[in-house]
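Given below, in the form of structure tokens, are the structures.
Both of the next two complexes hold chain A, though its partner changes from chain B to chain C.
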Partner chain A sequence: MTTTQETAPAPEREEIITGCDAVAQALRLLDVDVLAGYPIRPYDSVMTAVSKMIADGQMDAEFIVAESEHSQFEIGKHASLVGARAFIGSSGVGWMYGMEALVVTASLRLPVVALVGNRALDDPGAFGVEHNDAMMVRDTGWLLYWVESAQEALDTTLLAYRVAEDKRVMLPCALSMDGAFLTHSQHMVRVPVADTVSAFVPPYELGDRRFHPDNPVSIAPQFNEDWVMEARRQSDAGMRRARAVIAEATADFHRVFGRGPADPFVDSYRMEDAEYVLMGMGTVGMVGKVAVDRMRAAGKKVGFLRVKWFRPFPQPELRALLRGVKGVGVVDRDYSFGSNSHGGVLYTEVAAALYPEPRRPVLVPFIAGLGGREVSVDNLLEMEETVERATADGVADLTCQWIGVRGPDSDPRDVAATAEGGVR
Partner chain B sequence: MSDETSVGAVDVTYRGIFQKNLAGVITKELVKAARREDKVGGTVQRYGDSPERNGIPAKQFAVIADDMDSLRVEMTKYEPENVVVVCVMDDTLTKGVESWAWYGVRPINVNLAPGGTLLVVSHRSPEELLHWIPRRTYDWTLAILPGEPSFGGLWVYNDDGTDYRTMGAVSRVTGGLISLDSLIAQAGSAKNPDLRAAQLREGYESVQMHPIAAGVGAQDTYVPVEMPDWTQMREGLVVPAVEVGKNNTLFMKYTTRTTRPLVKFDTCVKCQICYTVCPDECFIPTPEGHYDVNYEHCCGCGICAQSCPVSGCIEMVDESVFESNEPLHKVFESDPAAYEDLRAEKVAQAGGANPHYGIY
Partner chain C sequence: MAIPELVIPDLEINRRLTVLPMQEYYTSGHRTCQGCESALVMRYMAKIAGPRTLVTGTTGCMYVANTSYNSTPWALPWAHTQLGSAGSSAIGTAAALKVLMRKGKIPDERINVIAFCSDGGGGDMGLATLSAALQDTRYNLLILLYDNESYANTDIQASGMTPWGAVTSFTPSGTEQRITQHRWKKNVPALLMAGHPTGRYFANASSGFGMDLMDKVRIALDVGGPTFVQTHDPCPKGWDFDPRMSHELAILAVECGITVLWDCLEGELRYQGLTKQQVEGKVRRKPVADYLRRQGRFAHFTDEDVDFFQSRIDEMWEDWILPGVLRVNQTPFGRLPVDGSSPRQAGHAGAAVASGNGNGSGGAQIEAVGGNRA
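Now for the complex of A and B:
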């Protein structure tokens, strides 16, 4: 992508807005037809922003506030089915509450775009970021993306519609945004104009699938075992094709806007000649880059790798970028209790992605920043040192470490540790 | 069970809800009795999303094998193979079986192994039943166990002995897939062992077997549903809608019916209630304001008969006295008196109108 010829920059104005506002701006520019909402922190800031724009006459759309997330997502699904460009969103357990509607949106191949303002799942009723909410759709045919900045939120909302609505893909796309750290913090954002956006995202066309009296079709009939597997294979094919479509759309983004990300799938920071690498998703990338700068200044060869598209997962990029790297620390802002090495979801995905490599780096899982706890530069420096130690020791202690949790690393009531003393 | 294969299946085709317990007792007890002969077995329940609606055809299988591996292979199939006997718990099921969407109406003997037996609980003659049962390309046996279809319910066990008589008949027609002695021994653990033993013997002795040669029987019009591959299927779970005025030929529903509504058109007050209440939209308005019945899609629920305000205007009549699904209003149109004769004749043939059993 670095070879892309940048054209003259398209007209844009700069504003200081939150991640949620940036998504709302994109929705206005995309002329989204139907927005279904149900309030929950922190995603609901996008509802506030959109309703204000509609009230001010800046945007012309149906804005439907449902009585629950389940209905909200069903409204989005049905709007998409009749040919309307639709938007939904939620956070935490709200996203979970509408899970059935989310799953059928994907299996019906409807390109709804959603914002997940990442929030810890109840209980306890916390507001802070955890990535588990959005993760829940990762196996169901949703395209999934984690943004780091408000600019990326705006740009990726445009990309999301373009990729999701592409005839070769036709899958819904969820944009994940760290609660508080991005949903509610303002960045300087370049807001393009509608003409440029419509040059980048063509009108939504559902073709012969559009549910309309002129096109009598039956959607989602009862299928039995003779048909389900073929339907699944079709969704799988859409997801496989998405990689090429994402690459194509990202290249086109550069052409139309005269700017854009270097790599469509991952954000790699100072990865050239890196011996040690830290990885993560979302706003941890911001501190990650600071930590890398400090370590580089101290003479260490360290890079940061931020996974942007989680579905489709960037296996080819990770294999290429981590080839030759000595040690990698994976920072999960999520949990998957009882999984490999007791690490998070990203760790397991990265480990699996690297498995075909003949020489794999030492991989160290970390869990940090749960429930909105801050992840500091010092936390990342500490993780990098752990990775270096594990690599030097040759045999890595792969059991996941929790960073920033109060209390000891090891469990005083661990069954192995208490084998002789019995249960304490 | 033939020599070369060590596994055989007993297919019990029954009417959903009404005969679920009946099928359950038969399959379970057959398996338990087989264990007394050092055989192994299990049961398989074939259901769909419309599994146990009132009267919809459904199946349970008893799989009986000499060894565990043969059993394991069959237990992971929806419909086990080498069906040596199909027990038909209601003779109107011989008109066809359509349990699950997208399969079409399948012949009652579609999965019967060559040389196998179709065992029908019925008072009808072999000739009458063969009028509906499609021919096979191999020889088979039609066995008739004299009796009325036994209807109970999901929560009701209709203890009329049909289950044990059927098991006795299975032993006889299979030449001892499970011996009568084992069945009687197994019934020793039942509540009324003597009564059960008598019922088993009665079934064993009363069943009539009629060898049927290849090619004998009704024409086989069954065409298996076409299965496109994933690149041929429309994406997004989209199927073309059924055209206005037409019905879904891939899901007819009439095989659910044991009684059908007969309309006495000359008493109809054209109130439209039947048209409104029929859950399957079976009533077709005629130019003069009557409502003809689409018997291909009528499931025989009886709601129309219950809702019609004119006493005796819609009556539910035993399905087995009807030859075809042709709509009947055209007979009325050409000659009202002839239609009334036909209607009265069918009601008489069926032994009077049936009190329908109702669905909802």
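Now for the complex of A and C:
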């Protein structure tokens, strides 16, 4: 693990707050100008918190109760275009409902920040966490981050604005937080003061795209084949530059706050001499670390790797950290029906990331914890054993294993699926 | 680069517009069709709004045909917004201006916010956003709906504001079914007026009456708060007529009583121009056949179809509580206006109500419908 030189800690106070409240505190410290809310659980607690702070005079902002998610996201986009720091958010199908507005926010290169309180998509209705909602913007130019704790939620909200508003990036950023497990669970959080935050996040400047009578520009005209490809390439360039900006901002976070993560992109736990590794995103990291401690105590060389930034995807880090590892289990809290090995989204991304490596570990896809089902320590121990067995057997093309699910592996009426089989 | 400051005559809200600025803020560079009346509406709107204005526009003709990259006609700041987002773009823009001015991040001044949308974008898809915008009295914003009665840019498909019976790409006239556009045109300005009592200004205008249209835009911007103006714009491509007749058709729609020139300022309903003369009985409405028979989209109409169309227009004038505006004809106060009394003879709608009821409560009902006048 790399560590950055720590400086004297900045003034902070400790509070026991939920993940949503931690984001709300960050929004207050960031002096966000325009916030648009529309109700859907579980992300909406952040809007409940900020609207009360505004009503109590602790925060000066325009809070708009929108009439749909589509409007909510368009309001954020247009406020950002005028030069206001804007915040939106949603969960599950609400995030889907506003998808068009999310896409144009990214293609217009407007640094809106959003909270996605991850929630299963309908139907059937479920409040619990699944990562598919936020995943839906993964190809559109949104920066995507999965947090594990309330402290990380607060810190990453600050980082998100800093990176998104950076002239070299200018892309929106969605912060994903496991519904209920983090949105509504309380942690001890160190809340910094506004002066420190403004030293870390400079004022938002849109420059020559600012929508104001002093700057009579036409924004987003009709392009067609003459220019669209160049515009897409510019978004791509912004995303490519984001890696350096994230690294720089994370290092600066250490300088300003005197604390912060060791690695900007991934959270590696007891990876030093690991032969087997489990991977995941979000709160599964907490359970994963407990499971790793237990396995280490039993003499197994196991580590846990939590992907934090999903866009840009940490390919260099994964290649370096998984080099020499024998077997890797990827725990997806999402699905991608019909994809490679019937695995989830994270699995297919990890598999693609490792492809250039001359010697790749055995990679086993798992799907677990859908719809808010708990992923237990025992589940992770079971997954690790499957990875070890597959590695020992030299099985490099396992189809995805569903963990903690009732019923047979596959629908017995589906002959093809039965034939594909898979290890138990 | 700032646009040179332009002095617009500071008229009282209730005085009619008599002097126009020379400057244009919707200029060359657009690629709209010959005879496009909606482009004319954009020009009127920008001209009277002046340089301290931000304009957002939804997808539609006035996006796709207007703003090809590197040849924008807008001398005002203009931004695209999605098809169903007129109201939300206006709220986002106005809210950002307000908070940035309050925090001293931009100079505190009056900046007009106009979001324009089409009949499809505003009347269909984005209707909920118009409703939301007209509810939020914290912000000064104008929604301008240019109604050319179809999704004209995408190849003329029926919208909720396409007239009954008109042929469009999705509502053809076939050998088995002569009429497939079964829906009567949605009355968006009255719908918004009736449902948003805190909205300060609602108006229906026509591209054929430029001074009236500009006056309505000016009043909307001057009165402040959330306001709404709709314009009726003939479309040669969508309606199938010779482009040289665009302006004449717009005027003819008013002469036939199909388009009604009205506005409602702080709850006071008023009629303008030819419509006012029709209401006052000074001018008779022309038969709708004069209007319908000039357009290819109604070429399949039989005489019975024309008669049906005429009967619905007559009903609008003779049976509605607010002639040409709001369809209520039976109330706890009786049938209004009184049977046999044509609005052509009545001084105005309020008088018709009062005479029908015999006391003042009918008038109070009108006030409640129109809004809360300060």
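We take it that the second predicted complex is superposed on the first by the 407 of 424 C-alpha atoms of A that agree within 3 Å, B and C clash if a C-alpha of one lies under 4 Å from a C-alpha of the other, contacts with A are read in each partner's own complex, and residues count from 1 in each chain.
The definition used in the following text is that a residue touches a chain if its C-beta (ideal position, glycine included) is under 8 Å from a C-beta of that chain, and two chains touch if they have at least 3 such contacts.
Since the structure is predicted, the reported quantities are computational estimates derived from the model, not experimental observations.
**Q** When the two structures are laid over each other on chain A, do chain B and chain C clash or fit?
**A** Overlaying the two structures gives a clash between chain B and chain C.
**Q** Based on the superposed arrangement, let me know which partner A:Met170 touches: chain B (first), chain C (second), both, or neither?
**A** The first partner, chain B, only.
**Q** Have a look at where A:Asp60 lands relative to chain B and chain C in the superposition and call it first, second, both or neither.
**A** Second partner only, chain C.
**Q** May I ask you to decide whether A:Ser107 touches chain B, chain C, both, or neither, giving the answer as first, second, both or neither?
**A** So A:Ser107 only meets chain B here.
**Q** See if chain A has more residues touched by chain B or by chain C, and give me that chain.
**A** C
**Q** Classify the contacts of A:Arg233 with the two partner chains as first (chain B alone), second (chain C alone), both, or neither.
**A** first
**Q** Once chain A of both complexes is superposed, is A:Asp195 in touch with chain B (first), chain C (second), both, or neither?
**A** neither
**Q** Answer with first, second, both or neither: which of chain B and chain C does A:Glu357 touch in the superposed model?
**A** Once the two structures are laid over each other on A, A:Glu357 reaches no partner at all.
**Q** Return first, second, both or neither, reflecting whether A:Glu205 touches chain B, chain C, both chains, or no partner chain.
**A** It touches nothing on chain B or chain C.
**Q** Taking the superposition on A as described, I'd like to know which of chain B and chain C A:Ser218 touches: first, second, both or neither.
**A** both
**Q** Check the residue A:Ala36 against both partner chains and state whether it touches chain B (first), chain C (second), both, or neither.
**A** Second partner only, chain C.
**Q** Clash with chain C: which of chain B's stretches 222-230, 294-302 or 330-338?
**A** 294-302
**Q** Would you mind listing the overlap between the chain B footprint and the chain C footprint on chain A?
**A** Common interface on chain A, chain B vs chain C: 216-223, 226-227.
**Q** In their complex, what parts of chain C are in touch with chain A?
**A** For chain C paired with chain A, touching residues are 1-3, 51-54, 56, 63-64, 67-70, 72, 74-82, 84-85, 87-89, 91-93, 95-100, 102-103, 105-106, 111, 128-129, 131-132, 136, 138.
**Q** Quick one: which bits of chain A touch chain C in the complex? Just the residue numbers, please.
**A** Contact set of chain A toward chain C: 31, 33-34, 36, 60-62, 64, 66-68, 70-72, 74-84, 86, 100-101, 104, 203, 211-223, 226-227.
**Q** Under the touch definition given earlier, write down the residues of chain B that touch chain A in their complex.
**A** For chain B paired with chain A, touching residues are 48-50, 78, 100-102, 225, 227-230, 233-244.
**Q** Which of the residues in chain A come into contact with chain B in the complex?
**A** Going by the criterion above, the answer is residues 107-110, 170, 208-209, 216-227, 229-231, 233-234, 237-238.
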